[in-house]
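Labels run A, B, C and D following the written order; every chain starts at residue 1.
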Amino acid sequence: MPLPGRPLSIAIVGQGSMGRAHSNAYRQAPHFFDTPFTPRLKVICGRNQAGLDRMASVWGWEETATDWRQVVERKDIDVVDVAVPNALHAPIAIAAAEAGKIVFCEKPLAVSAEEGARMVAAANGVRTMVWFNYRRVPAIAFTRRLIEEGRIGEAFHYRATYLQEWGNDPSRPPGWKTDRAQAGSGVLGDLLSHSIDTALYLNGPVSEVSAMLHTFAPGRDVDDAVLALARFKNGSIGTFEAT
Amino acid sequence: MPLPGRPLSIAIVGQGSMGRAHSNAYRQAPHFFDTPFTPRLKVICGRNQAGLDRMASVWGWEETATDWRQVVERKDIDVVDVAVPNALHAPIAIAAAEAGKIVFCEKPLAVSAEEGARMVAAANGVRTMVWFNYRRVPAIAFTRRLIEEGRIGEAFHYRATYLQEWGNDPSRPPGWKTDRAQAGSGVLGDLLSHSIDTALYLNGPVSEVSAMLHTFAPGRDVDDAVLALARFKNGSIGTFEAT
Amino acid sequence: MPLPGRPLSIAIVGQGSMGRAHSNAYRQAPHFFDTPFTPRLKVICGRNQAGLDRMASVWGWEETATDWRQVVERKDIDVVDVAVPNALHAPIAIAAAEAGKIVFCEKPLAVSAEEGARMVAAANGVRTMVWFNYRRVPAIAFTRRLIEEGRIGEAFHYRATYLQEWGNDPSRPPGWKTDRAQAGSGVLGDLLSHSIDTALYLNGPVSEVSAMLHTFAPGRDVDDAVLALARFKNGSIGTFEAT
Amino acid sequence: MPLPGRPLSIAIVGQGSMGRAHSNAYRQAPHFFDTPFTPRLKVICGRNQAGLDRMASVWGWEETATDWRQVVERKDIDVVDVAVPNALHAPIAIAAAEAGKIVFCEKPLAVSAEEGARMVAAANGVRTMVWFNYRRVPAIAFTRRLIEEGRIGEAFHYRATYLQEWGNDPSRPPGWKTDRAQAGSGVLGDLLSHSIDTALYLNGPVSEVSAMLHTFAPGRDVDDAVLALARFKNGSIGTFEAT
C-alpha cells in the first residue's frame, strides 16, 4: 500500500471532461501507487462559476478562479495543468512555463507545428508533460517493456486503429471539438495524436508518411476521419486509422 | 455532475483487498453518481494495527479499531461492512443486524446453507446487501434492462465461465481462501457465487442442478474448480464453470 | 501429387446428404493424398430410383440398387458404407460384416448400447470404421500430434461446444433425425457423438459423467440439446454442450 | 442435385498449383451446382511432361501438350485457361482471344497497365474471366447481395487486410513469384489484386489512391508488402494492406 509523498500543488485550467478526468487521476494515483509526490488540489480555473463550485465540492479543489493569467503567476502553485480547448493550449502553457511552473498540457499540444515549436522553446528548463495517458495503460507499458528487453523480434507491420462512433452523430450537440477555430483539427488531433504517440513510444521514429483527411459530416469544418501510412526508421511499415 | 447526499457513516470490518476495494467504492461513487447518501469513512476494524493506520492514511478512514464487537454496537455507525474471511461473515453480520445496522456482507454469504439461513433470519427488518458487484457492471446492468423491456427473445442456453489462472499456482502464498476452516469452500464460494448470482439476476430461478467439484492442487482441502449444469424455470438450460 | 492406388470397390447404402458427402470424399481423396487404395464407386443403394439415377450421373456410381440385402452379398464389393438413418445401421452393418465386407458406418453407431455391442461382436475379424470425420480435420489431427509428442502440458479443463441453430427451427420439414423410431436420439447421437469421439481421441478415457437432455421444441420426441460434465482419467474435467 | 449441362472443352496452360486448383474447380462445380455447362478436361499444356502425365492421371485430363501456340488454335477447344507466371499471361491470352476462344486468365491480369490495355483490346468480342475467385466466397457473395438490396446503410470505412506469412520466409525455395521478370510485382499483384477486386465489387469505384510498396527480404527485386489508402466514389474511405 502506498505511502504519502511530498505535496505538489496543482492548478488546473479547464472544467470540462478532462478537468474531471484529471481530478480523478490526482485523487486516485496515491491510492494505488507509491508516488514521491501527493497532489494537492489547490485551484480550479474556468469561466463557469457554478460549474467550478460543483467541481470543487465533488473533487475537493480548495479554491476556484476565473482568470488563468493570475493563476499561473501564483507563488503557491507547483503545477499548471492545461485542460482547455486546443487553441488555448499555447498561451496558457507558455505563460505557465515562463512563470517557471511544471506544465501538464492536454493533447494535441498545439493547433499548428509553428505554435508547437514556440511552446517547446518556452518550455526550455521547466518540467513538462503532454497527457498521452495511453503510455500508462498496462498492456502498452508491458509491451514497451517487452520491446526494451528485446523479447519481441523484428517488427514488420504496425497497425493502429482508433475507432469511435460519435464523430458523425448529428444528435450530439456541436462542441468546440468540431470548431476549427478552437480545435485546430478534428479526429487528427483528438484521436490520431494518441495513436501516433503510442507508435513513437513502441515502434520508434517515422521516416516517411502519407495521410488522408476526410470529413463525412456535411458542413463540418474539421476532419472526422484520418488515414495514414508510415515507414518507420526500424524498417517496419504501418497503417493508421482514426475516426 | 453529482450533488452531495446525506452522510452515511460506515464501519468496515476487514483490511485486506476487499477492504481496499470497498474503500475505493465509497470514495468514488459520489464522484460519478448522484447518490442520495454520501459515505463517511468512519472506522476501519481489523487485527493489524500498522495496516489499519496505512488504510486510514491512504483512504481517509477517520478511526481504526480492533474489536468488531464494540464497533457493531456504536451509536454513530449506520452501516457495518463485513469484508473478512467467509467463516466470520455470520457472527459479525448477525451481531450487526441485531444492533439494527445496515449490513453489507461480502460473498459468499455463509459457509453453509444452515448458517446462511440463520443470517437471513437475523437480518429480518434491517437493510442488507451482499457484494455481488457484477450486477452493476454496465454490460450486465444493460442486459438486465434489455431483458426487462422484453427486447431479448426466449432464452435457450445460458453459459457462464469464470476463469482465473492462479488457483493452482504453487508460487502463490497459501491464504485463507484455500483453508477450508476459514473459507468453507474454494472456487465454489469465491467465483461461482458471482456466476450464480448473475444467472439468477439475468435468467431467473433454477429448478434443477447437477454439479461437480474438483481439486487439482495436491493436498488442498478446498475445491479449485467447479462445473455445473442447470435447468432454469424459464425453460432454458445452462452450463457453469469456475476455476 | 498422389499416385493411383489399388482399386477398392465401394457399395454405399444411403442416398441422402451423407451419401453425397461420402461420394465426394471417395472422389476427392485420391486427388489430394497418396492413398494405397483408389475408391471405385461401384453401386449406390437406396429406395428412390430417380434420386439414385441422379446420384449415379453426378458422382459416377456405376450401378444403382434398391435391395441392400443383395448388395452386401455381392462378391465384387470390398466395402459396404452404411449411410442410412440410425435405426438401420445395425442390421445392414451386421449383415455386411457377416458377409466379410469392410464396413464403414455413419455415427451414431447404434440406437442403444445393447445394439452397439451386437455390432461390435459381429464385426469381429473385419475392418471397420465409424465416420468420425473430425479426427481428420487438420486442426484436430495437429492437436493430437502435439499431445502425442508431449508438447502440450498437463490438461486441466476440456470444453466442447457443438452449436447448430436449426434444431428448433419450425420452418424446417420434419425428418428422420427428429423421429425417435428412426434416430434413437436427437442431438445426443447427431452432434454430441462427434464431441465425445473427439474428446476421447484428444483427452483420453472418461471415468465419470453427468448429463442432462433437454427438448425445446414442443411435441418433439427426441432431445434437441444435451449438456454433460465429465471427469477424465488423466485428471482433467470437462464440459460438453450440443444443441 | 445438379443436372449435367452442355459440355465445354477446356484447355489449360499451366501445371502448377493453380493448374491443380482449376482442375479441382472444373471437377467439383457440376457436383454441387446446376451449371448450364459441364467442363470437359480436354488438354493440359506445360513444359514438364512427367508432371503433365501425373496431372492427367489424377484429374482426368484427356491429353497433354507442350506447345501452347498449337493448343490455342485447336478447333475442339472452347476455353483457354491461362494459369502460368504473370509475364506470360498477355501473349497466351491475346493469342487465345484472337483465335476466338473463351479466355480465363489468372490474376494479376498483366504486368503493366499498358500490357493489360492490349489484352483488353484483343479480348473485344470474346467472353473472358479473370480468376478473382473471392467473388464467389459465400460471405462475399452474400455481402454483395445485401448491398445490392440496399440492406446495408451508407458506407464510411472500408478495410482490407490480406496477410500471409510466407513472403519473407527464407526457408522457402525462390520461385517465379519473387522474380520481377516473371511476376512483374510481388504482393501487389499476387494478393492486393484480390483485395482491390473485392473492394471494387463490394464498394464500387475508387477516385483517389495513395500507396506504399515495401520489400523486407534483402536482395528481393519485388515488393513483399503493400499499403494503400483510397477514397471511393461512394464517399467512403479505405485502407488496404497485403503482405
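To be clear about the criterion, contacts are C-beta pairs under 8 Å (C-beta built on N, C-alpha and C of every residue); 3 or more make two chains touch, one makes a residue touch a chain.
Computed from a prediction, not measured in an experiment: that's the story for all the values here.
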item: Chain whose Cα centroid lies at the greatest distance from that of chain B; value: D
item: Between B-C and C-D, the pair joined by more C-beta contacts; value: B-C
item: Where chain A and chain C are represented by their mean Cα positions, the distance between them in whole Å; value: 61
item: Averaged-CA centre spacing for the pair chain C and chain B, given as whole angstrom; value: 48
item: Averaged-CA centre spacing for the pair chain D and chain C, given as whole angstrom; value: 37
item: Shared-contact residues (touching 2 or more other chains) in chain B; value: none
item: Complete list of chain pairs which touch one another; value: A-B, A-D, B-C, C-D
item: In the complex, chain C residues that touch chain D; value: 1-4, 20, 24, 27, 30-31, 51, 54-55, 57-59
item: Footprint of chain D on chain A - complex, ascending; value: 156-157, 159, 168, 208, 210-212, 214, 216, 225, 227-229, 231, 235, 237-239, 241, 243
